[in-house]
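Below, each structure is written out as structure tokens.
The two complexes that follow have subunit A in common; it is paired with subunit B in the first and with subunit C in the second.
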Partner chain A sequence: MAAEVVAAVDVMTVEQIAASQMGMKALGAGIAVGLTGIGSGVAEMGIGSAAVGAVAENKDMFGLALLFTVIPETIVIFGLVVALLLLFV
Partner chain B sequence: MLKPKQMSRLLIAASRDQMAPVIAELYRHNLFHIEEYVDVGAEGYEGFKIGTPLSGASEKSADLIKIRAITNAISLSADDVEKGPSCSMDELQARIERELPLLEREVEELTVRRSKLDAREKELEQKIHELTPFSDIPVDLNLYHGYKRFTTIAGYVSRDFVLSVPHEKYLSQGKEKRFLVMVYPSDRKSEVEKTLQEAGFQSVPVPNESGSARGRIEFYQGEITATRKEILEISTQLEDVKKKHAGFLVACEELLKAEVDQSEAPLRFATTKQTFVAEGWVPADKVRDVTNSLTHVTEGKIFITVVPIDPEQDSVPVEYDNPDFARPTQVLMDVYSRPRYTEVDPTLMVSIVFPIFFGLIVGDVGYGLIFLAMAFGLRKFLKGEAGGQMLAVLRNASISTIIFGFIYSEFLGFAIPGWKPLLYSRHLMAEEGGHGPNIPELMVLSIWIGIVHLTLGRILGMYNHATQDHGHHRTLAVMANFGWLAVMWGIILAIWSSAAIPLMPDLRGLPVLWTVPGLGFGVTIGHVVGIVLLLVGIICIARENFLEVIELPTIVSHVLSYARLVAVGLSGVAIAMVVNYMTFDMFINPALANFTILSIIGILAGIVVFVFGHLLNIALSILGGGLHSIRLHYVEFFTKFYKGGGIRYNPFGIKRRFTEE
Partner chain C sequence: MVGMRGISAPYIYVCTRMRVRKAKLIPREEYQRMLNMGLPEITRIIGETEYKQEIDELGTTFKGIDLIEVALSWNLAKEYQKIQEITPGTLKTFTQAYLRRWDIQNVLTILRGRMQGAKTGKIKEILVPAGSLDTQALDRLLGEENPERVIEALKGHHMYPVLAREYPYAKESGSFSRMENELFKQFYAEIIAGAESGIKGGNLFLDFIRLDIDIKNLKTLFRLRADALDADIREMHIPGGALSATDFANLNTIKNQGEFIDMLKGLYRQKALLALLDEIREEKTIRDVETRLTRVQLEQMEKMSKRHPISIHPILVYLEKKKYEVFNLRALARGKESKLPSEKIVDYLVM
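The block that comes next holds the complex of A and B.
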């Protein structure tokens, strides 16, 4: 088994290595956006439900409620920044 | 600009017989923010009392309630009515006396009839609901009633059962709920009930009808149709009333509201047996106008004086003082909180920076044009004042979007042909001979914007504390704000001295003072200055409030937060590019390359993807561009200096739309 892997690595050309590195970067970018997206979602869940309640009580709260709901968006923005840096820098 | 309007506190005193003309004059000016008189109510207090309404207040209130009942019944609001020819007060007064009772009777009759019919419809529906289970049973409804020795029951059982009592039953087919109708001798009730209970019986009332159940249901359905038709007729009649009298009704409401407001104003004044005193706020530049006209209407029998104010103790109402183009942005300020009288009013800054942020994020000529069309097209639907202001904000943002669209060279996600991006490109796919996206440069640019914005915020914070606070606390608060600035710039200097970043100064070339042994890391004068600033800053912050020190990491996160200006924008660009790629490279181009009848489906699918994809992206752009831009203001910028919580300036009077003086 181990010998096969070594053999496989041996026959990889430079292009293949570059491509696999690119693939790793793409995976990293995907994980960065995906996990931070989940994080933002979890954080917005509680705020969002409370905000809907507040708006149902008083419609004037809508602006502030919407604003509070997007505050955790920062987390996924950081993920997006990391992904962009991985892919393009 | 940058400060709310200057206010003066007016004290008006006159004899009671001048009350009506004074109130009318104040109402006409629509400038006097009444400071309500609060009765102390202490025992044995013999001084000012709260005033009593002017004569005729209750009749006018009653009329106003009538008008509001009518406008509610025909769901009419003043915003729905175009400003028409306004009528004079006397004419309107005469029409109110003549027409209002008739109109009231007409509308009331119609609404009463409509609610009766609504109730009738509900009743009929209930009857149909009751009859439905019986429709499968081939027994005339007459036969369920009129027995002396027998009882009829109906209901649902969960399963079939065996009964020792002589009976006749009908059981519908079904698995879980089976409908049962049964007749049994009344004297064997207890046995029957026991068995039924075991079978999980749920009783249903037997309808008191005659004839076949199906026939009755059809009959009631016919009745419902007729009732609905009648309701529709009444609704059209009400609609006719609305069309015919809308102008009159809104004018009446405005007139009566003005009269009720005026006749109830004394409730907010301080009075004695012979005199009254009204206190309130007037913009400083209008004091002379108000004073002159009040003196004029009372022929000088009035005492008016400007009372000196203490801006920190008095609850001074706040009115914005902004140039025309910044005025719509006030709606965004009011969503957060109105500024206090003593602090800097940042509306002007928001009105300039918000559209720039929006443009930086969306930056697409095509989307900008669509937003512009929306800002003008939605005017017809969003009528209130806040709605109009929102649309004006959208208009400014869309103009900025178009400008940044040219800077980025983007049109609905495509590059504008023959037009190179002016500064930096956001095209994710490098075009021929072109450059890929300049992501590092864009990121650093957004960080620069963050640094400048936050520095401005902290400087404003220092200014606000310097003007609002007193004594030792003032020094501490100003120094704490300076401390936050020092820590931020200290970190920035240390980073510049350690690493080269595009578009930022490179301080690595400064003379090395000391080399860390083993690491080969040279400490330059930049590092030293940076670290000194950092330490001084932390000391300044800790002196005001030690716990604030745990907030230090927010300096980094708030600056980095401005990276969203690029990141959110790029995600929008990516969505647009994916939509364009799907439309052309996956559907339309392959279809055109090998054209057959089936290709038409491909082309249509491409068009659908294009329209829906861009609609989605437009919605996301408005949400993303708008929310993230305003969030950068509310969360990152305002927290540095802005408190808010000012009292809204609410002058006594109305803007007349339908009536004349």
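The block that comes next holds the complex of A and C.
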């Protein structure tokens, strides 16, 4: 098995290896943004429903409720930063 | 829609709405202020709160105490109906089951009113159409001339068998208290059976119901002591709480207040209740004991709602607190109307 992998790498050209590395980076970036997006979504579900509930009862809370709802967006921003670092640095 | 730990967004939404509504209830200091006011000022203050719409709508038809009475009943009914509309899934089932107690109250009010020959309009003022019997159903019942026909009109309703069974006794004795006990026993048995049927969140609802039954049984015991009544008291016991029928009967036979309290303390575990029992070791008026018990019940419910923030508890706490707010305002207005001193009125308030 190991011998087959070594053989496969042996036959790859430099361009192919570079393309494979780029592919891995793209996959990593995709996973970083995707998972943090899901994380933000789950976190915002609770806060968002509570915020809508509070605003339904008291319209003055809208600004504060919106602010609280978007706080978990930072998680996806971290993911995005990691993705950009992976792709462009 | 189901997120972490199986809590869904609509549950969080409704529980938050109930918390905001609870925060808007009239605070203790406001009652203290109102105690020093006259009826017109109290009406104005109520008209500036959540009761504004009802006070404005009814202001042209009613005046003085009648305006407050009707506005409070309308607001309570509207609030309860609104909550039933917005609660999702099993929370709705539990809320509706809990609000069915208003059916008992409404039917008994109509029966008592008809028995005493009260005017239809006067009876209607104090009805709260919050249970399964809506305004149209209650209007139909109000259209009946005598208690027999009112009961006949309820044929098919789950209360009918008890009403039909108990009415001859009520008519003979002229009192609906036994019928009321039987209806409440049926009500609690039904909601306990419903909560134990394996519905999600049923055990939390059951905790609330057990607390309610415990406090109700305790109030009955203290009332029996105050009245020194020698009737068959086992009939007044509501099963389902911490107190068994045998303990209930035994407790009523103890004449010494100290021994009575000691035995009660052995039967309950809640710290707040035990502290209250110690406080009422010396003889207190029945009104005072009842108000304190209600306060302990509300405190316990509040604790339960904090322990389970996304459950049926925040909804039930709000329903109960709202009910007591209406009772308080009614007591305040009635007290002022009858020119009672503030110190006397304050005994009737649950703050």
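Just so it is clear, the second predicted complex is superposed on the first by the 82 of 89 C-alpha atoms of A that agree within 3 Å, B and C clash if a C-alpha of one lies under 4 Å from a C-alpha of the other, contacts with A are read in each partner's own complex, and residues count from 1 in each chain.
The rule is simple: a contact is a pair of C-beta atoms (placed from the backbone, for glycine too) under 8 Å apart; a residue touches a chain by one contact, two chains touch by 3 or more.
Computed from a prediction, not measured in an experiment: that's the story for all the values here.
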Subunit A as common anchor, with subunit B and subunit C clashing or fitting: fit
Subunit B versus subunit C as contact partner of A:Leu85, first or second or both or neither: first
Contacts of A:Leu66 with subunit B and subunit C, given as first, second, both or neither: first
Touching partner for A:Ser49 - first (subunit B), second (subunit C), both, neither: second
Which of subunit B and subunit C A:Ile77 touches, first, second, both or neither: first
Touching partner for A:Asn58 - first (subunit B), second (subunit C), both, neither: second
Touching partner for A:Met12 - first (subunit B), second (subunit C), both, neither: neither
Minimal inter-chain CA distance - subunit C and subunit B, angstrom: 8
Shared subunit A contacts, counted only where both subunit B and subunit C touch the same residue: none
Of subunit A, residues touching subunit B in the complex: 63-64, 66-67, 70-71, 73-74, 77-78, 80-81, 84-85, 88-89
Complex contact set, residues of subunit A against subunit C: 42, 45-46, 48-54, 56-58
Residues on subunit C engaged by subunit A in the complex (per definition of touch): 3-4, 7, 9-10, 12-17, 20-21, 24
Residues on subunit B engaged by subunit A in the complex (per definition of touch): 335-336, 436-437, 439-440, 443, 557, 560-561, 563-564, 566-568, 570-571, 627-628, 630-631, 634-635
